[in-house]
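Okay, handing you the structure first.
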Amino acid sequence: MGYEDLLVVMLFVTFSFVLVCQIIRNEKHILSFLWIGVMIVCILAALVVFAVLKEGPLFSCGQRLYVDAFSVYHLAILMIVFLMSSIYANNYFQEEIDSGIFNIKVARRFGTLWFVSLAAMMLVLISNDLGIMWVGMETTTLVTAFLICPYRKKKALEAMWKYLIVCSVGIALAFMGTIIIAASAHKLFSSSTDMFLWTHLHRFGYLLNPGLVKLGFLFIIVGYGTKVGLAPMHTWLPDAHSQAPTPVSAVFSGFMLNTALYCILRYVLLVDTALGSTTFTHGLLIFFGLASILIAASFIPYQHDLKRVLAYSSVEHLGIITLGFGLGALGAVAALFHMFNHSVCKTLTFFCAGRIGRIYKTFDMNTIRGAIHVSPLWGAGLLACALALIGVVPFALFMSELLVVRAAISSGAWIPLGLFLAGITIVFAGVLHHVTELVWGNPQVQLENLYRTSFIEKGMIIVSLGVLIILGLWMPMSFKVVLEHAAQFMN
Amino acid sequence: MSLLFFGLGLLIVSGIVSLFTSRYHRLSIIAGCSGTVVGCLMGLIPAINVLGGKEYMPVHFNWNMIYGSFSVGLDGLSAFFLLIILSVSLLAAIFGSRYLYQYVHEKKLGVSWFFFNILVFSMALVVIAQDSILFLIAWEIMSLSSFFLVTFDNKKEEVKKAGYIYFLATHLSTVFLLIFFLLLDHFTGSLQFTGTLPHLNLSLSNTNLLFLFGFIGFGIKAGFVPFHIWLPEAHPAAPSNVSAVMSGVMIKTGIYGLIRVLMLLGTPMIWWAWLIIIVGFLSGVLGVLFAIAQHDLKRLLAYHSVENIGIILLGMGLGLLGICYQSSSLMLLGFLGCLLHILNHAVFKSLLFLGAGSVLHATGVKEINRLGGLIKQMPITAAVFLIGAVAISGLPPLNGFISEFLIYLGAFKGTAGQNAEIILPALIIIIGLTTIGGLAALCFTKVVGCVFLGQSRSSEARAASETGYLMLLPMIILAGGCFVISLCSHQIIKWVVPIVTQITGLETKLALDITHNTADILSLVVWIFACFIGIVLVISFLRKSLIEKQEVDDLPTWGCGYKVSSPRFQYTASSFAQPLIKFFGVILRKQKHLEYQGVDLFPKKTSFKTHTKDVFMSAIYYPLFKSIKKVLSGFLWLQYGRIHLYVLYVALTIIGLLIWYIGLS
Amino acid sequence: MIHWYSIFSLVSAMICAPFLKGVIARTKAILSGRMGASVFQPYFDLWRIFQKKSVYSKTTSWIFKTGPVIYFVTILIALFFLPLGNLPAILQFQGDFIVLIYLLGLGRFFMVIAALDTGSSFEGMGASREVFFAFFAEIILFLCFITLSLLTKVLSLAEIHFILSDGLWLNTGVVLFLVVVALFVVFLIENSRIPFDDPNTHLELTMIHEVMILDHSGPELGLILYASQLKVWIFGLILLGIAVPFDPQVGVFNVVVVMAGMILLSLIVGVIESVTARLKLFKISQFLIGAMTISMLALILALGGR
Amino acid sequence: MVHLLEVIFVLVMLNNQMLLSSSRLVYCIKLVAFQGVILSLIPIILAHQGITLHVLCFATIVFVLKGIIFPKLLLRALRVADVKREVEPIIGFTSSALLGILILGLSFWISSKYTNIETAINFLTLPTALYTILVGLFLIICRKKALMQVVGYLVLENGIYIFGVALLKEIPLLIEIGVLLDIFVAIFVMGIATYHISQEFETTDVDQLNTLRG
């Protein structure tokens, strides 16, 4: 069997794990199965990644599935984030298990949704058919909706409802866009199937009807943009992130947003080839990117809930990435690099925040004080991650933001540059203030870390921070090559 | 050169070792401290070699950074700063090994040693980095490590605040520098930081733009007025050995950067010189004025750093004037004064901070008004602190005077010279220096008088005792330095001149002539100092012998008829400074807090205290930040919690885009 | 360069300085219709005080004892820079007056901390005022020297004195006059004379310099008194060097002129002291600001003149 | 058979208008059901090369889902969740009807601008689709009831559906089924969510869900 089949196998295996979840009888075992299963999928995905990097793009299922450097880059990030989250989830639900909320029924549902959402995101990444891609996106929305509230809580329900409605509306608009784009090609292909195949559209991009393509892209960027959390469609994001269980928020911030962005970028390429110029798409990308950065900047200083802060910072970072893609070739490299850094870092941040929240029994930043004295590991971790998030040397995010600035300068985009710097400076001030407030100081109440930290978790934190630091100071040739391969795609 | 790298490597390694052994206090202290000491010593050798005239090839490591390269070099300027950095850090480390020990039970000292070593390492890297990106990284690491050192005692609220302000300020400086470097790269296509550019492709406006960015970026770090507000917050918060390094050395990296910028941009505009002189004047005068108004010893010293940065800037401005008007003597004297004062300030300011540290260590009090009479319990500390005080007031026969004298000389040459344009700036420089000198003397008479002399004003001060030799030794060395630099100044400038020529591009021959001329003058000055010290010794000997003839009886101070004198009769620091503060009331907004419960049969307890806010903080920065927050808070209604609105945003966005698109086509 | 033979001027200064004090005292006495002590009284006083034994407060430390010595020595060294008539200074180089002013500053520094060493509120008060007013005096001095260096294009006190010929007076008389006025104010304040300060009273709350030395006694007091007499001499010389244009040809005559000038100066001081009263304390700073404006004016005129 | 298509489009528009102005939930749901039914006719009408099997089963699927199952689901949710069956508008019925006319005008204006879209079928397609979409959005925005928002979502989907079938005569079956499946799940999930909400908040008035702010 060739690499092509790997794609199918990967999907199939992931789905099959859903069934496995149904037969396990113990919630703890389900939790541990989560990361074992994800580990297995990881291995398959790794094979795919290497295959693509070695032999170039792969097709499968009669061209319905397609992976190239760009998509495997995303795939890799997806797997990393999911693996980390699964490992973390293993310990995180201890408390609920003990208190019996997280019973076998909930656990099964959780496992099912977990694997389905993984599969759906994979489907989005590897599908060549724009329709299927849309189906995948919608599926992630519906599935993750329940991940937000595994057990019924008022606020969680509220968040879930908002998430459900806003995102469904957005995704619906995205489908509108998909149809229009497909329609723009309906002179070219006899069979309607081909109209939806990205590769076909890309090959004959220059023949597409520009008017339709532009119109379609408007719907696409608003539609999928809702899922990315681009302002002003970001409104669901802070609610969902703050209410979801921490592993889920980690997956949300860490990758689900990027998946949506991935879809937009696929279309960006089509539109650019159709119009023969990048001004239209890049203009929109820059606009939405900046909007997100500034909105996030103006909200962060006023947050009281730790996880909300992180959510808004996700809005900001996705904005930065979008902006980067809007800034041309160098920007694309920067954006991809930033995407990786942000996913890893944000996932970690959510982990630390989650555990600290557990210790203090709240995420309210007015009550959390002196976290580093209560739990040195998680406190220090939170501090480090926050510093990384606001772009402090020696973490890699500084480097990628530097690259964005460089791209802005080299493309002479002075006004975006100014707004961008203003935005990230305000975010810097805000986040730094919040974090120093809660990490340092005197813990009023006497608390101790109830749930032990497994060695895997410690390792996870140290290793991933280490990776971020190393990438900040030193760029391995191989990684650089991968980045440039992936960035090739954008032009 | 490799010696330097080994030294730096050792710093890192020992830091890490001390971090991981922090469970065993003594071990981690020994590891950290000894590592720093040895590492600094190793690093000092090449620096001294370079100053001695040895040349090193720049080293380029095959280290793959994104668009950056790991290339370092050691030219005269770098070596000069390296010398200062390493030697001061070394002494501070020795001091710290004893000083930090008081925290041994509530803190993990390994952490602070780790960051201390990182700080030293990064400062060294900053001055030897040749690639902009590398420089930026080193710069940020420096800020980060010092940030963690400042927040060493992070359970205290004010320390948290200080750390926050400090890191915010330093990050802003980084943002400016980032733009500076990337613009430089954009305009000239080179990320090379040292040396001069081929700026034929650099238009006038671009040069000015670059200069402004560089000036602000480095100015924030160096603490120019009005960017100085972080110093008085951060220095008091940090442990004393750290504040010594930060104030004595770290802020100088800002000056280093500024000098590099000037070298990069080639021939300066005249308005640069003017800007630098005026900022220098303001920093100097306002710095010392604010210092006088402080009651907190370390805060006061922090403001004095601002003042000395001002003096350094005045020298630099003079030198720039010289370059602008091709007056070689001004160039030389200006930059000589500038560089020499950098060295001097490093010496006496770290001395003073260490002194303050040992006072703090002995008494646990930073309030000047609650100290006093310490000269009896801590004679050596008092003596060295006095030396530092005389030096920083720029009084003969100590090193502070020498550098100021050079700048004076240059400025007077300017006034006496032919060129009419120079006279006005030269005047500003002279008047600035005079004002600063007078006020500094005033301030330090206050400090010495109220901290070490008279009677103890509090039980803590009464209980104090002399600190251990590990803390005294560095201070004694530094105090010796004050004398040595002053008495060998005519030699030292000969070593500094090559750096000046490197900065100004003055041809060596001319430079040497002026140097000889200056050296002769300095040798006369030194001769005077020698006489002075000699005669003082002789006369005090005579006095002693005169006294010995007749017996001496000691009584309480003549209280003009009051029989019982208590420490509370003494003049306090605030009352000592009161006339001046009143005189400069415009800038020094003194606030009085009087708690007066009134009088019935017997007067009740009444308390009165004053403190002086930093007018920049209260008049510029707070309102600014407030208004920004106000603007931002205007957006909050967006996220009002109503899903209808959220969907409405989506709908409006798409409709808006559709209509925009119609407008497009 | 160093002119050893000018040691003479140093010696003469050390001999004649107390005499001036005597002259001032005598003038005041006569003007107030008394006989007054002999003009040589100060010598006897000094001798007496040096014989006396010292009393040290328990509060004080070695600073208290060293302060006067350093004060005295700074004054002594300052004399090195002063030419006497056309006798060059012992030691002259570019910017020597900077060293001179800063030496005086050093002396003041130690006097002040010596005063603070006693821990007495009186001395503290005096010290505070001393530094405050000295701050102005220094600025005025520097302004004057800038003006002079502008006019004469030389940077050493002695050279300035030599170049200031009657010719220069004829050209820029106004400027020089203003400078002289400013310097005279400095002369008064630095030597703590009326109308700024009164050297004869100790225990008034408005005293400045004199109250600082309240606790000093014996040899220390002697040193201080002697130093302040020398200080009168120093500022007198500076003043005269500018006010009286010598011509460098005739040697001995100059010296005589200077001596005469000094005596005249002390007569003037005596007269002033007996006809004016001391200023209110807060008036002093205004007065000093006035002097500063005068020197500023001189500077501006000089700038315009070139 | 173009005129027939036009008839259908006009029906849809009227249907939307009634949705805007009707006050009872059950009635709204029925209206949506009716809309689904007429929409299921479009592919048959548009089938040029004869009515193939593909077209037929596609039409039936649409009919079954949009016409029967979704309404059933909604009604069931209504039964379990809601006691009060009023729509509870934020903007009153008459005014929303007026707004509906405005929206109609807007959508005609916009689509008149997009001339470069050669809608081979009919000049009414684009306006209708756009109008339906906007009405859907309007319903979501201006109705308090959770279920009403679901209805709005359905209308929105219908609009897109019109657009799809009218624009590219046949959408690949796989995609269409996927899409319908997704919508099905969506309705399902939303139904469940409504149920939970009604249990927790004792109402399905989503205006009460406003605790998460800032």
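All chains are identified by letter, namely A, B, C and D, in their written order; residue positions are counted from 1 within each chain.
Just so we're on the same page, a contact is a pair of C-beta atoms (placed from the backbone, for glycine too) under 8 Å apart; a residue touches a chain by one contact, two chains touch by 3 or more.
Computed from a prediction, not measured in an experiment: that's the story for all the values here.
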Taking each chain's C-alpha mean as its centre, the one farthest from chain D: C
Highest C-beta pair count, chain pair: B-C
Averaged-CA centre spacing for the pair chain D and chain B, given as whole angstrom: 70
Centre-to-centre distance between chain B and chain A (centres being mean Cα positions), rounded to whole Å: 45
Interchain centroid distance [CA atoms averaged], chain A/chain D, Å: 31
Interchain centroid distance [CA atoms averaged], chain A/chain C, Å: 80
For chain B, residues contacting two or more additional chains: 636, 639, 643, 647, 650, 658, 665
Chain A, residues touching no fewer than two other chains: 161-162, 165, 169, 211, 215, 238, 299, 302
Multi-partner residues of chain C (at least 2 other chains): none
In contact (per the touch rule at the top): chain pairs: A-B, A-D, B-C, B-D
Partner chain A, residues of chain D touching it in the complex: 114, 116-117, 133, 137, 140, 146, 149, 153, 156-157, 160, 163-164, 167-172, 174-175, 178-179, 181-182, 185-186, 189-190, 193, 196-197, 199-201, 206, 209-212, 214
In the complex with chain D, residue positions of chain A that touch it: 129, 131-132, 134-135, 138-139, 142, 145-146, 149, 152, 154-155, 157-162, 164-165, 168-169, 172, 175-176, 179-180, 182-183, 186, 192-193, 195-196, 209, 211-212, 215, 238-239, 242-243, 299, 302-304, 308
In the complex, chain B residues that touch chain D: 636, 639-644, 647-648, 650-651, 655, 658-659, 662, 665
Of chain D, residues touching chain B in the complex: 90, 106, 110, 113-114, 116, 134, 137-138, 140-142, 149, 206-207, 209-214
In the complex with chain B, residue positions of chain A that touch it: 161-162, 165-166, 169-170, 173, 211, 214-215, 218-219, 221-222, 226, 232-233, 235-236, 238, 295, 297-299, 301-302, 337, 370, 372-373, 387, 392-394, 398-399, 402-403, 405-406, 409-410, 421, 425-426, 428-429, 432-433, 436-437, 440-442, 472-477, 480
